[in-house]
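A, B, C and D are the chain letters, set down in written order, and residue numbers restart from 1 in every chain.
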Amino acid sequence: MIRCEEIMAWVRELDLVYQSNKASLTELDAAIGDADHGINMVRGFSAAAKELSEQTPPDIGAILKALAMILMKKVGGASGPLYGTFFLKASMTCNGRTSIGAEDLVVLFEAGVAGIRQRGKAKEGDKTMIDAWEPAVRAMREAFSGGGDVSEILRAAVSAGESGRDATISLAARKGRASYLGERSRGHQDPGATSAVLMLKAARDTLA
Amino acid sequence: MIRCEEIMAWVRELDLVYQSNKASLTELDAAIGDADHGINMVRGFSAAAKELSEQTPPDIGAILKALAMILMKKVGGASGPLYGTFFLKASMTCNGRTSIGAEDLVVLFEAGVAGIRQRGKAKEGDKTMIDAWEPAVRAMREAFSGGGDVSEILRAAVSAGESGRDATISLAARKGRASYLGERSRGHQDPGATSAVLMLKAARDTLA
Amino acid sequence: MKKLMNDPGDLVVESLRGMEAAHGDILRVSYEPAYIVRADAPVRGKVGVLSGGGSGHEPMHGGYVGPGMLGAACPGAIFTSPTPDQIEEATRALDGGAGVIYLVKNYTGDVLNFESAAELCVSAGIPVETVIIDDDVAVQDSSFTAGRRGVGATVLIEKIVGAAAERGMGLAEVTGLARTLNEEARSMGVALSSCTVPEAGKPTFDLGADEIELGIGIHGEPGRERRTIRPARELVEYMSEAIFSDLPFHRGDSIIVLLNGMGGTPLIELYLLYGELERVARTRGLHIRRRLVGNYITSLEMQGFSMTALRSDDRILGLWDDPVHTASIRWGS
Amino acid sequence: MKKLMNDPGDLVVESLRGMEAAHGDILRVSYEPAYIVRADAPVRGKVGVLSGGGSGHEPMHGGYVGPGMLGAACPGAIFTSPTPDQIEEATRALDGGAGVIYLVKNYTGDVLNFESAAELCVSAGIPVETVIIDDDVAVQDSSFTAGRRGVGATVLIEKIVGAAAERGMGLAEVTGLARTLNEEARSMGVALSSCTVPEAGKPTFDLGADEIELGIGIHGEPGRERRTIRPARELVEYMSEAIFSDLPFHRGDSIIVLLNGMGGTPLIELYLLYGELERVARTRGLHIRRRLVGNYITSLEMQGFSMTALRSDDRILGLWDDPVHTASIRWGS
């Protein structure tokens, strides 16, 4: 059972995780982008952790929606609208709910990732966060079908996400800022795929 | 006997000497000025060597006057008018002359240095080229009074000029760009005193 | 990293305070959310021209707010697009009933955030049109990628579209004009040194002592290739070929050019480059009818320059010559 | 050293070519000897305003040639004063019968070369007056030294004196005005990085990773002292104290200020600094009535800034507001 409590813990954990990975995410972005991804994520999730602790929304849908709004306002760049959309679409799967189970969690992530896909129009192989998200939600669905609990589902997500993230290294980017580099983007890990895996790990550590 | 020939050789030598000391003069100027003294001297004397070889003026006074004009036009900065004045005043001591002797040479340098003094209003101890020039012309007069020939006179000038130049190291500047540094100018050798000694050395090597 | 600022996180806001203090006669600043708007906004019955993007490209865009150019500008964090709430509020402050045009440089972040803002505004009853600017020939265009980047043409388009709006042209016409201008413009840049994002604290990229990055983006994104530095003459020729052969520009064309510094390039070098560009244009039979030489779309303290050419007919030149009064571009009565 | 140029020795001349190509409507360029003169010179019956100095400070001075400001500018080699022949020829090209005023920054080289030129012109029958500008409070003044350096006040004085000449004031009156302005102006600068003289090929000085040079000169001459970098707020306070307590400026004074970049400082930082200056001025009861924020008197690619304050009454403010049309400062009809 995942309650508001755990979701709030997730948000706080994301704040901490992005703070401690701010420099490394920014460095990845310096190589094939504009050196701000870690900064963007910290700006968004610091604000989120702070504002949410003050307003404490009544249910999971409300928390995620508030989170989405804060990210849209604070992050900017490509990742702001994409992560914002993720949480907005995710929030719609659990409006008014104060607890959710394993299947709800899978549905939540699937909806969120569908939002990113629709918003950013990237496909797997384009060297974006989608390369971490798509295998991750596929693995979640599989783990759930195989009878996995929340913890197993999230562990499967992390490990699939990590493989997808690592696979971005050898890809040439076709979406986002790195696509301007074309072939020269090969050999570098995508910052967004990296921040996506951090989000999954934080979920594993707080929701299960 | 110093003829037009030797004066022209002096000018050609000055061109070479400043070229090979361009970087070191500029570095001295970087420390307490604006990093252009070597560049300025080369600009002036390269033009002088070239233009004078084309126009070959008829007498020593004419050569020195032409040289003065070229320096005034090409050097700029503080050193341009000062060296320009040096040669202009010097030229006036030998108008129409095609050869000069030891005393003429002393008078020539004395007139030139008087021009610098009058123009720049620096005194000995102000950490300028005057600190090399004044002892040099005093030594010239002394060597001449003691019966020295052109060669002895110029060797005396060089050695007195060198001492004066070296003494600038410990001085605090009171004139020119280095004066803005006040006490902080101590410990650095004055670029203009350094280029003045080079001029004396070139004279020693070509006029005697 | 040495920068003239206080806390890196406050740079954008504190700079806005300076803008407000310096240019209160032509603009107003909102801080929460952050935007700059013409002092006389909303201008009744005239189309509002709005642009925005990451900060760090000054004077773009805030320096172009004022009569005859932008109605409003939305500054994001350094090199990070602004957010929908900023854009929405600025749109509301600007709209004088005739709608608002968004001039958006083609970066995923900018496109997505302006898209959200446009949806919000349209659903609130404010007509909004968006024109994406993508003039950078350094980047290969393809429908499968994010496409070309928007760079220097943005300045020229903001000026001309601003003049059209000031004349009272309607939203549809202004939008059509902006699209045409974008199609007629091409740019390219080169970097001699990197910029340093204040919060990142170190240079975005490293260049060797004699290396340059050809086709650099305005956020320090790597470009086409890294090369050994060449004389200015050759750089201008290389970039001219890339730009002029792309549209392509034809012998006899009239053009407006922007010879732009990236922020850390001395003006003496920019004028030298302009002299080279003028020579190349003459050789190619192109007529430079108007020009800007200076720092107009920068990348913090980056050394380097970019060139933009915009093919222009008399109508466009006329709009160019219309009066403009902003912090950074000003002429006419 | 990476610079956008061809041969270092040609930088100044090739940059002049770009100026000529870009601004043929307002100025003409002579190359041998080198000077820039108003396109409409000589202006009959009006005093000619002439300035000059080493190159590398662009847009100073060539960027200020045009109606309402300078009549002519004489560019020397990089950081090296121009020579008497340049100044003499420019004076002849400019003089419209009412004489010429030389606005000379106080450096030994500039003073000596302008002095020679003035002698040549006066003996040729052209009335010439020289006003030495020495506004830099970083340097201790003394009758036994070269005195204070001329820096930012030069821009403000050129504008105001240019307006006075344009209005038709006579040479004596214009000269008196220029002297008064110089007495009422104070400046100071700080450097975050060195500049590199192109022909020298390496930085004029070295600063540690977190060092700054307080009181830097515009040629990279060392200043008052070297310190660890401080937040912008503190730098502005330190420099304000040095400037405002020097004249001194008094509570209630009206001032024009210049918040100037040294060439390599991003505009976003300059506006932040202006915001700080505005705050300090307010606290001290000083009224900033006009201001310029940007790169107006630079030192090649140096990072840093300077501040200038000029005490101004309504007459001076009126002259400031007069129309001006130059490459770099332009307003009014």
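Please note the rule applied: contacts are C-beta pairs under 8 Å (C-beta built on N, C-alpha and C of every residue); 3 or more make two chains touch, one makes a residue touch a chain.
Quick caveat, the model's predicted, so the values are computed rather than measured.
The chains that touch chain B as well as chain D do not exist here; no chain meets both.
Between the Cα centres of chain A and chain D there is a gap of 54 Å. Computed from the mean C-alpha positions, the centre of chain A lies at a distance of 32 Å from the centre of chain C.
Per-chain CA centroids place chain C at a distance of 29 Å from chain D. We define each chain's centre as the mean of its Cα atoms; on that basis chain A and chain B are separated by 74 Å.
Not a single residue in chain A touches at least two other chains.
Taken residue by residue, chain D touches two or more other chains at no position, since every residue touches fewer. Viewed as a network of touching protein chains, the structure reduces to a simple linear path.
Pairs of chains in mutual contact: A-C, B-D, C-D.
Taken in their complex, chain C has these residues touching chain D: 2-7, 11-12, 14-22, 55-56, 58-59, 63, 192-193, 209-210, 212, 229, 231-233, 235, 263-276, 278, 291, 293-295, 298, 300-301, 303-305, 327-328, 330-331, 333.
Listing the residues of chain A that touch chain C in their complex gives 23, 26, 30-36, 38-40, 43, 72-82, 119-120, 173-177, 179-182, 184.
If you check the complex, the residues on chain D that touch chain B are 33, 54, 76-85, 107-109, 112-113, 115-116, 138-140, 144-146, 149, 197, 199-200, 204-205, 217, 219-223.
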